[in-house]
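Each structure below appears as structure tokens.
After this come two complexes, each holding subunit A, first together with subunit B and then together with subunit C.
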Partner chain A sequence: MKKKKMIISQETMDIDFVRKVEALSDTSVRRCFQCGKCSAGCPMATFMEHPPNRVVRLLQLGQWRRIIEGRSIWYCASCETCSTRCPNKVHLASIMDALRKLSWDADGPSKESYVQLANKLFLQNIRTYGRQYEMRLAAVFNVKSGQFLKDLMLGPKLIAKGKLKMFHSKNKNMTEIEKIFSRIEEMRKKGEAL
Partner chain B sequence: MSRIGVFICHCGENISRTVDVERVAAQIGKLPGVAFSTDYKYMCSDPGQNLLKKAIQEQKLSHVVVAACSPRMHEKTFRKAVEAAGLNPFLCEMANIREHCSWVHENKEEATVKAIEIVGMMVERVKKNRVLPSITVPITKRSLVIGGGIAGIQAALDIADCGHEVILVEREPSIGGHMAQLSETFPTLDCSQCIMTPKMVDVANHPKIKLYTYSEIELVEGYIGNFQVTIKKRARSVDEDKCTGCGVCMTKCPQKKIPNKFDMNIGMRTAIYVPFPQAVPNTPVIDRDNCTKFKTGKCGVCQKVCGPGAVDFEQEDQLIVEAVGAIVVATGFDLYSIAEKPKGSPIKGYGEFGHGKIPDVIDGMTFERLASASGPTGGKILRPSDGKEPKQIVFIQCIGSRAREKGISYCSKVCCMYTAKHTMLYHHKVHDGQAYVFFMDARTPGKSYDEFWRRSIEEEEAVYIRGMVSRLYQKGDKIVVMGSDIAVGVQVEIEADMVVLATAIQPQKGADSLAQKLGISYDKYHFYSEAHAKLRPVECATAGIYLAGACQGPKDIPETVSQASAAAAKVMTLFSKDQLEREPIVARVREAGCVGCFACKKVCAYGAVEEKEIRDRQGNLIKVVAYVNPGVCGGCGTCQATCPSKSVELDGYTDEQIVAMIEAL
Partner chain C sequence: MSSDNIMEYSYYPGCSLHASAGEYDLSTRELFKILKIGLTEIPDWFCCGATPAHNVDELLSLSLCAKNLELADEIEGDVAVACAACFSRLKTTQHVLTENETKRKQVEKAIDAPVKLNSNVKHLLEILAADLGLERLAAAVHKPLTGLKVACYYGCLLTRPTDVPNLDCVEAPTIMERVIEAVGAETVPWTHRLECCGANFTLSRPGVVIQLTNAILDSAKAAGADCIMVGCPLCHGNLDIRQKEIEGVYKTDYNLPVFYLTQLVGLAAGLGADKLGLDAMIVNPMPLLREKNLI
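This part shows the complex of A and B:
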């Protein structure tokens, strides 16, 4: 991966976003002095392009886009080893959580991991059927992500075991389900929920 | 015939485990001249010492050898015991059969034989020991303090408060030093002037302190307790007794555009000036290099307007001789200059930072003057180039310091803290600005120091970027800072309005020539050397000279003040007696043999060798010989080893004694 030079100024440091992360995670990123203990103990650090300490460092510099563009926040297993061991009480697991939540609305989310796409399709399914319709989820995900043959051979096996149904069954109380979704949408508009 | 008493110690089992002490005692008892020989479990214990004293009296012993541990451990103990029993303490010697024998050997037979030889050697040596009378030196109970910064002021006040006269010499027209230039001080952010100026006034008003400003040390002669110091009092061109400090002369002086060194040359002053309004003494000085009267012979406005008639163009430099007993050196520091260095200097400049030619790249002390309420901008942070307020300010640490290739390898110690302070002062004064700091390590050991640094980041919103800046360059009215954030691993670029460099602390210019006048040693950077880095940190190797403050190495204010008080305490220890008693292990010249080559004078590290004229009864000069001043001699023996005619001997370590030891083997 090519590393872009950081041009630092008051304009390029998005401190407002960092404030949101801090409010959501109820922790301060400024407390971190980059000892590296979080990354030292992280079981997933080897898979991340930005290990946990660097996630905090990038937040300190207001460079959250560099985090969101990568896959680090999605590899985090929320084991909370980092938060438990941090000498400065920086709750890194909560920061990861907050970043995942905030990445929903942030433009330019992770293209590499398709996590956002999967999440969106998952919720769409629930809204339409009141429960999960795996066949449709898999099919639409494959088409939208452009990986048409992904996991195709798993299908027959799952069908044989009765884990994957060919046809959907709908929840009986769809009005209630819709109520939940529209209420959340309303709250999001008002800024009461993410 | 001597009657020597030999006492062999078991040291619990430390010695007796590997040395057959009873056999040693029996063998030694047979030597000629030994009248009494015994062994005891703990010679240094009370019963052990009583055994020694009793034996001296009952056996009428003339000399004593104690075979035990190293003389470093207990020589003083046994010499005291011997003195209490009525013998001269220098007739007692120790044979080291612990560190030199029992601890380093395993074979008991061989160790015992070696112990017998060691004790035997000391028996032969002690036969040649002479009675050495103790040496006393008179003490002049006045002290000289060189340097009127916070170190010198603290030392002078402490000594003077104990009732002893102090002569305080300062090179600049006012005392106060660098601390008077600072805006606020870490870690409490109290105003430097507010805590400094009362002390300056105390110095001026103290009846026991004699203040010489605008003066330098010309010559230092003498030794501990008896120094003669010649002070050169430079012509002020203003009579200190007549001047009332009204300041009319300064307002009328036509030369108004002279850069003021006190304001790091960003503020201007007149040719007749006081460096800053709170100066002590508040008597102006005429800067003769810039004064129209001295340059062209015309003007003299200050003299005309001076009511009391204090301006005196005819005044000349004066030489004043003062007698003192102790000297405290507190000459302080100077800052590393990032400007291009003259050829031949071992310290390289920073071409990559513009060699001081980018106007808005300033050093830390200049920032202090900008931030100071009494500074040239009245406490506003403004760019020197166009007077605008910088909105993006970059601080770079370790400029000069920790850069072996640039000529300095040490850490300047205070920069991490003052940079943190600068970011806070900036944040307090420019609310919509942003401070960035490029640093390699944050070194904040000290009470409440790390908390202070963290506060600058967590509360005062300074952005710290770990990584050294590679280069600075001017781009329009911005300065582009090229660095890298090594925690993220990417290059960083900032377009700054102003850059502040935390330049290294160096000793004051001329520190080396002052050291040569005083006869004290200094390191390769010209910081003064202490006698022992841990156990004698405020004393010089030269007796009677003490160190305080940053002239010894980079120090912050609390450390400087502590050391200044420590130096004062050392001076008080010296002054607590009327006469100075010294161990009589000093060199003595046999004048009949001395040919006056003074090879000894050249090698003497203490400056103890003097020239002495020998005259006959008619007063005709016969010859000039060396004389060792017992008050100054450190007893190292270098002169003895150097003397080509074997005419110098160190008492207690004469050739006769050493040869006797060798022959006993």
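This part shows the complex of A and C:
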């Protein structure tokens, strides 16, 4: 990514957004003193343009757009090593969740589409079947991401070993799950939940 | 449910155990049967939402887990969970909904019922090590796993997050080692017990998984392990299903069978290969088990 010069001023610092992140994640970015322990232990830091400690620093400076334009938040594996090791109890894994949610809801500008597509299909499967349907998840992902040959050699092996089920039974109480999804949508429309 | 059971649990298998991790489900049921621990599967349980749900929609994730806890509440006993991710999600939900009243009210609205937070969510490891106890577990052994060197792989979510009371120390857990040593196996000290395998990037970015999982396999091999033991279907998928591919990419040869904890404990308790689902493993464990006279 091309490095853009950062200008810190009242105009460029958007603290309202940061407050939203703090409310959603129930944690304060102001507690971070940049020791870097989170990034040192992060298994995914090598794949990110902004490692975890820099994500927090950018939030402190109100420069959140730089974060959600990139792929860092989508390359977080939610292993929670960062939250576990933070000496100041900054729950970074929850901050990542909050950033992803805000970016997701706003259909954010990140170019990392594969992870977002996988998440979308995963949640659609829950709404349709109540449970995960791994065969369908993998097949639809390949079609939608245009990678028709991805893991093609694994498929027959997994089917032979009984690891991929061709058919899937729906939960009997599917109306329950649909109600949960639609109630949440309703609450958000009324502004009762973020 | 037979009356001579010494303990009763409700059982939340999770989606993977009904599909790609069928052998984990099978070996869990068979092992618990001979240990006289009753498992009643929660009828019509839902997916816990796993990582994708809390990644983009915490309220949905909390609501799905709260709904499952409500279903579990109707069955006697604590909730037995096999999958590390489901375990982490259910425990996190209990913690968040206890601590945060605003979120609890939102979830109650979403599931249209009061949240039930009383049931104790336990991973299978906890049930074996604490509820049953290592002495009783050792007493059930018919065929000690003598000479088998096991690398116990915890992965991320068995012991995390820290603020949620969990099954063992977050940075230096020993529960897996204690369980498998109780049935006669040897364990190896190694560096990557708690490192992430890349988890669900196996679907979206398999390259990530190949790199991270290779480091784990490499570390286990260097420590002199014969095999790896896991308690999570996603770790299993990455270590076992992708092992051949990783060997190809890194031009190396690991040949490390990856067992679920219930498969190894079940083997020691005298269960046959058919009841452990050993044929479903991609890296064939039979040569190793024959060499160690375990089958």
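Convention: the second predicted complex is superposed on the first by the 147 of 194 C-alpha atoms of A that agree within 3 Å, B and C clash if a C-alpha of one lies under 4 Å from a C-alpha of the other, contacts with A are read in each partner's own complex, and residues count from 1 in each chain.
In this section, a residue touches a chain if its C-beta (ideal position, glycine included) is under 8 Å from a C-beta of that chain, and two chains touch if they have at least 3 such contacts.
These figures come from a predicted structure and were not determined experimentally.
Trainee: Tell me the contact category for A:Arg19 with respect to subunit B and subunit C: first, second, both or neither.
Mentor: It touches nothing on subunit B or subunit C.
Trainee: Regarding the shared-chain residue A:Gln60, is it in contact with subunit B (first), subunit C (second), both, or neither?
Mentor: A:Gln60 contacts subunit B only, not subunit C.
Trainee: For A:Lys170 in the superposed arrangement: first (subunit B), second (subunit C), both or neither?
Mentor: In the superposed model, A:Lys170 contacts neither subunit B nor subunit C.
Trainee: Going by the contact rule set out at the top, does A:Gln10 touch subunit B (first), subunit C (second), both, or neither?
Mentor: After superposition on chain A, A:Gln10 lies in contact with subunit B alone.
Trainee: Quick one: name whichever of subunit B and subunit C touches more residues of subunit A.
Mentor: More residues of subunit A are touched by C.
Trainee: Thinking of the overlay built on chain A, is A:Lys144 touched by subunit B (first), by subunit C (second), by both, or by neither?
Mentor: Touch status of A:Lys144: no partner.
Trainee: Regarding the shared-chain residue A:Thr81, is it in contact with subunit B (first), subunit C (second), both, or neither?
Mentor: second
Trainee: Name the contact category of A:Leu154: first (subunit B only), second (subunit C only), both, or neither.
Mentor: After superposition on chain A, A:Leu154 lies in contact with subunit C alone.
Trainee: Please name which positions on subunit B make contact with subunit A in the complex.
Mentor: Contact set of subunit B toward subunit A: 391-392, 434, 436, 442, 454, 457-458, 461, 463, 465-466, 485, 487-495.
Trainee: Using the touch definition up top, name the residues of subunit C that touch subunit A in the complex.
Mentor: Within the complex, subunit C contacts subunit A at residues 15-16, 18-22, 44-47, 49-60, 63-64, 67, 96, 100, 106, 109-112, 156-157, 160-163, 170-171, 194-196, 198-201, 203-206, 208, 212, 241, 245, 279-282.
Trainee: Which residues, counting only subunit A, touch subunit C once they are in their complex?
Mentor: Against subunit C, the touching part of subunit A is residues 24, 26, 43-44, 47, 75, 77-81, 83-84, 91, 93, 96-98, 100-101, 104, 114-115, 117-119, 122-123, 125-126, 130-135, 137-138, 141, 150-151, 154, 157-158, 161-165, 171-173, 176-177, 179-181, 183-184, 187, 192-194.
Trainee: Report the residues of subunit A in contact with subunit B in the complex, numbered from low to high.
Mentor: So the residues of subunit A in touch with subunit B come to 3-10, 13, 28, 30-31, 33-34, 53-54, 57-58, 60-61, 63.
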